[in-house]
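In structure tokens below, several structures.
Here subunit A shows up in two complexes: once beside subunit B, once beside subunit C.
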Partner chain A sequence: MGQTRGRIFFFLPALVLLAVFVVYPVANTVWLSFQTPDGEFAFFRNYADVLSEPEIVDLRGFKRGFPYGALIHNIIWIVIHLPLTVMLGLILAVILRDVKGGVLIKSIVFLGMVTPMVVGGIILRFLFDGSVGILPSFLALFGVKQRTLTAHPDTALFALIAGSLWLWTPFSMVLYSAGLETIPDYVYEAAVIDGASPLRIFFLITVPLLRPVTGVVVTMTFLWVLKIFDIVFVATMGGPGGASNVLALQMYMYAFREFNPNAAAVVATFLMIVALVVSIPTFRALRGDN
Partner chain B sequence: MRMAGRSVSATFVLHAVAWLIALIWLVPFLGVFMASISPLSEVSRGWWKFDSFTPTFKNYIGAWNHPAAPISRGMLNSLKIAIPATIFPVLMASIAAYGFARFSFRGSNFLFIVVVALMTLPQQMIAVPLFRIMNQLGAVDSYAGLTVVHSAWGIPWILYFMRNYFSALPIEVEEAAKVDGASDWRIFLQIVMPMALPAVASSSVLQFMWVWSDFFLALILIYSPTKLLATQRVPLLRGVYHVDWGILAAGSIIVMAVPIIVFALMQRYYIRGMVGWVSK
Partner chain C sequence: MRRKILVVLLVALVAICSLPGVAAEKKLTVISGWSGPEMDAFMPVLSAFEKETGIKVDYQIYRAEDLAVLLPAQFDAKTAPGDVIFMWAWFVDKHAEDGHVLDMTGYLNEADFIPGALDPVKSGDKLYGGVFTGKVKPGFWYRKSFFKKHGLSEPKTFLEFMELCGKIQKISGIKAAIASGNGVGWPLSDIAEHFIASYAGPDVTHALIDKKISWQDPVVASVFKDRLVPLLEAGYFSEPVEWTMAQDLWWGGDYGLFFMGSWITGMVDDPDDLGVFSLPECKGIVFAPDYAFVPAYTKYPEEARQLLAFLSTKGQEVQVTTGGHIATYTKVPLSAYPGVDRGVAALLDGVVALPDLDDTIGGEWQPAFWDQLKLLWVSPDRVDEVLETLQRKAK
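Let's look at the complex of A and B:
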């Protein structure tokens, strides 16, 4: 009896810390998102207000170009980033297995994964700089006007998306590489004996067998893009004129620059709900493993 | 073996594509590295022009002793956070993970799922109330405060990771010890933890790197110029009238060197920690 009661102390330290510094703040943020600044209950008015702010959704953007608002920018980010991360990671994992020096190439690609995102932001700013950056100089060879890509509304967001691909693809590559190891050699040997071409093997054996990995990659990439903050903060600060603003940065602006905690709570709660929804399938799958 | 089916030209294309990708991935890093060891005049002309190249170590000294945001101090400050903010959560989460793996009680499954769901949260979700709590506790702008927050934030995924590891350990050894009259804590500390050292290493490496690289929590909780962490100082190296790319690049490299060294030394554990999501 006393033995079993002592077991509560296995759980207590971690759970108390979580309750005070994570669960309570989460509940409080949800609560704030439904309140007016004076503390009255506002139902969904904050949500309606925030959604109609131009920094979140700017419909004029569809006539004039960037900025479209942080929410739309996040959507553009996902739409471009997600398929490219999945494809690049998969292709890299598959071809680097067969290429001489593949281990070295993997280490080079992997550097992005261990680079602090703040440093990643600086590197991007440098890469895209109009006078000292290599990319605008390189593009100038093909007649593209040489300018700082992160400082112009029509290119800033795309420059950041390219940068985030560069930093995040290693994750997808490593997961796919690990997934490939779990496919036994005899599967391939049988296919080769049957005369299957490399492309057929890739699409009919490798891709389907890696489906669980793809699920994890898609979820984690989705979460990563939702939370993207550091590289935007450092490289463009959401600019110019909000053209590369994203939700996580806008939340920070609302909370700590404009001192509007209720609007900040709305954005944060929205991010949390999307994060939870996209994670459900993965967690189901992970639990199924046990 | 797998190459058998491919023609010579296909093999060539494969290698060309692979090395082209490697080049694309390398160039941004190469750029900062070159900028960090070149005088500003040469960086301005383009770091990829090698006709005049006079390597210098000056930028590193400039970043290390920078008048406004010395990186040396930032490195020390970041270590003061990252070391305890790795030890505490790994310890607490491991203990709780063992509880979840071996002692079930009414609602323990539900509780575990809640903890796991916390892993997906964006940090923005806790920012405002956290700042208020810390303010009331007088822990804003203090390392103790930030360490506690990092510890709490790290617990869910470490707990999840460790629980999976504990669940996969053979239970017979523990049962034998129990028959011999060993207490739960004794079994945990003397039998289970020694077996779990690889998993402890994996979670420690990942947690250390995440705390070291964190920017958002530091940004909202630490603001005194002398207390700023390494990641907060890098953007401050930019300079006032013109961007001093050499110093900025050198500072960036100093700050990213720590996770790269940790990765180089602990690669096996790092990868295992990351891949633990897919294959157990």
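Let's look at the complex of A and C:
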């Protein structure tokens, strides 16, 4: 009995803080998303209105090209960024594990991760600039017309995705590096004695044993991309013509440009639901693995 | 006993320090988006106020776009980051309605300002802000030495303007005839506004502000399709380049022309080498004053009002001497202006002074305008889509 009281005593402050700073704002946001600006209950009208806006989904994009709407842009971002981050992080971690000076190279790669995203966004702006950018100048060596990649609707989103890979891949590399340390050496030694090739060792030992880490990397990356805001805000402000707009930026526009908290709450609630739908099953699966 | 004395002394010290005027020196905070050379030019104004009143003033830089996010939340919490804040007039007007802005009625005499200058921060009989100097957005700037070297002259017709761009484009080392400044997007909107004022006229500019005419109206569409788009399609405008970088590149000879406001005269190495012309047939020029207000949550309401009144009156005279600014306070003598600014002021002769279109409309429409122009600049073939979006956002 005394032990239970003690637990409650220590648990209570955290519970109160969570209730005040997490549960209440979340519940209030969800409630706000069902209200009109006058405070009347609107059922799903806000959702229908917001989701039918071209800023969120613009089907004309499939005919004429970008923009496709923030929701589609987020999906494109996830589809490209997620597998590349996982693969690049894993490959870098494996390659750099036993390489001389690997720690130094990892530290250099990790610089992208410790760079504040706002600073990263500014760097991207100049990195892709047609006049002073490194990438357009490099591409020009191969005869590609030198232009500002973030200024054109057909390249703006892809340029930002490429930039986000630089900023986020170190995260997966570090997790995989830590994961690799947990695989006992004797497993590899046994595989070598059995005559397994390095490629078979990678696919049949390293990859399966890193599955829990992959789960974490996939979930965290998914959530990061879903809420991506800062680099877009700084580098392109969602432009040109909404070609690199994303949901979090649109939420900001609703809240602080239109002063429409209800529409912003719809996007916030939508993002939260998607995040929950993805993360809960992943973490459950990981628990099962353990 | 000794401990008791010590405690008493400490309590007395705390009490004395808590007295007004002893605890902390009165210090006002002014917020605006000016940094770099613009800030350097503004600091003498604040120094003049400090000298005149003995009140210390601190200066902080916040872009208007950032203030638009920060201030509503601060106002809800009944606080403010500064005592005098430079901000868009539409924003001041909107938040004055909700009681977040101090009344300035009686602190400024409307008759001392150019007609209509204070209107954007007025609501009925009440005045909710002050007006500072204005910036004229007269047209395309060029280096006189560059024009002389290449035998170029100012155009008198639109056709001549097109020809001038063509000639500049052919000069060796030139990336494009006109440097397109970019920032959050306002430099492009300044160009578009100049085209509208020149080829659709001041009345159409006012009608667009008042939402009495559609962006898809043939008159408006014609400005875009027949004037702006041909220049964009010919590649005479560069890609949008960050505007301070664009200015350096233009000054360095990568571009021949640069559309910018009159503040450029205070930002270049040799203002005497500057020339400027408006678009041929120009009927209106944007004259955009800067507005400031005192938030209702300032600690020092009287001193803050005093500062805003100073900025709106005597402060303007100090500011115009640094170049690039045109006073809205009519008591500023012409002798206060540098020579190059008198030339800018001359461009206003015979044309209508117009408010800044996107700053006046504001809200969600403003960033949409900037963003759609960025699209138009690189994809002029999508002009119909741009106009349709602008109209949808304007509703």
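Following the convention adopted for this analysis, the second predicted complex is superposed on the first by the 262 of 290 C-alpha atoms of A that agree within 3 Å, B and C clash if a C-alpha of one lies under 4 Å from a C-alpha of the other, contacts with A are read in each partner's own complex, and residues count from 1 in each chain.
Quick note on the criterion: a residue touches a chain if its C-beta (ideal position, glycine included) is under 8 Å from a C-beta of that chain, and two chains touch if they have at least 3 such contacts.
Values in this document were obtained by computation on a predicted structure and should not be read as measured data.
> Both complexes share subunit A, so when I overlay them there, do subunit B and subunit C fit or clash?
Pair status: clash.
> If we overlay the two complexes on their shared chain A, which of subunit B and subunit C does A:Val99 touch? Say first, second, both or neither.
After superposition on chain A, A:Val99 lies in contact with subunit B alone.
> Is A:Arg257 in contact with subunit B, with subunit C, with both, or with neither (first, second, both, neither)?
A:Arg257: touches subunit C, not subunit B.
> Looking at the overlay, does A:Arg147 come into contact with subunit B only (first), subunit C only (second), both, or neither?
In the superposition, A:Arg147 contacts subunit C only.
> In the superposed arrangement, which partner chain does A:Gly130 touch: subunit B (first), subunit C (second), both, or neither?
Second partner only.
> Considering only touches as defined above, state whether A:Ala243 meets subunit B (first), subunit C (second), both or neither.
In the superposed model, A:Ala243 contacts subunit C only, not subunit B.
> Would you check which partner chain A:Gly69 touches, where first means subunit B only, second means subunit C only, and both and neither mean what they say?
Neither partner.
> For A:Asp185, is the partner it touches subunit B (first), subunit C (second), both, or none of the two (neither)?
After superposing on A, A:Asp185 lies in contact with subunit B but is clear of subunit C.
> Should A:Met272 be classified as contacting the first partner (subunit B), the second (subunit C), both, or neither?
In the superposed model, A:Met272 contacts subunit B only, not subunit C.
> Please tell me which partner, subunit B or subunit C, touches more residues of subunit A.
Of the two chains, more subunit A residues are contacted by B.
> Run through 131-139, 149-157, 203-211 or 239-247 for subunit C and report the one that clashes with subunit B in the overlay.
With chain A aligned, subunit C clashes with subunit B through residues 239-247.
> Name the residues of subunit A shared by its contacts with subunit B and its contacts with subunit C.
On subunit A, the overlap between the subunit B and subunit C contacts is residues 131-132, 252, 256.
> Can you name the residues of subunit A that touch subunit B in the complex?
Touching subunit B from subunit A are residues 3-4, 6-7, 10-11, 13-15, 17-18, 20-26, 28-29, 32, 92, 95-102, 104-105, 108-109, 111-112, 114-119, 121-124, 126-127, 131-134, 137, 166, 171, 174-175, 178-179, 182, 185, 188-189, 192, 197-198, 212-213, 216, 220, 223, 226-227, 229-230, 233-234, 248, 251-252, 255-256, 261, 264-265, 267-269, 271-272, 275-276, 279, 283, 286, 289-290.
> Which subunit C residues qualify as touching subunit A in the complex?
68-69, 72, 175, 182, 184-185, 239-242, 245, 249, 254, 363-364, 366-367, 370-372, 374-379, 382, 385-386, 389
> Where on subunit B does subunit A make contact in their complex?
Residue list for subunit B touching subunit A: 1-6, 10, 14-15, 17-19, 21-22, 25-29, 31-32, 35, 43-44, 46-48, 92-93, 95-96, 98-100, 103, 111, 113, 115-118, 120-131, 133, 148-149, 151-153, 155-156, 159, 164, 167, 183-185, 188, 209, 212-213, 215-216, 219-220, 231-232, 234-235, 245, 248-249, 252, 255-256, 259-260, 262-263, 270-271, 274-275, 277-280.
> In their shared complex, at which residues does subunit A touch subunit C?
My answer: residues 64, 125, 129-132, 147-148, 151-153, 237-243, 252-253, 256-259.
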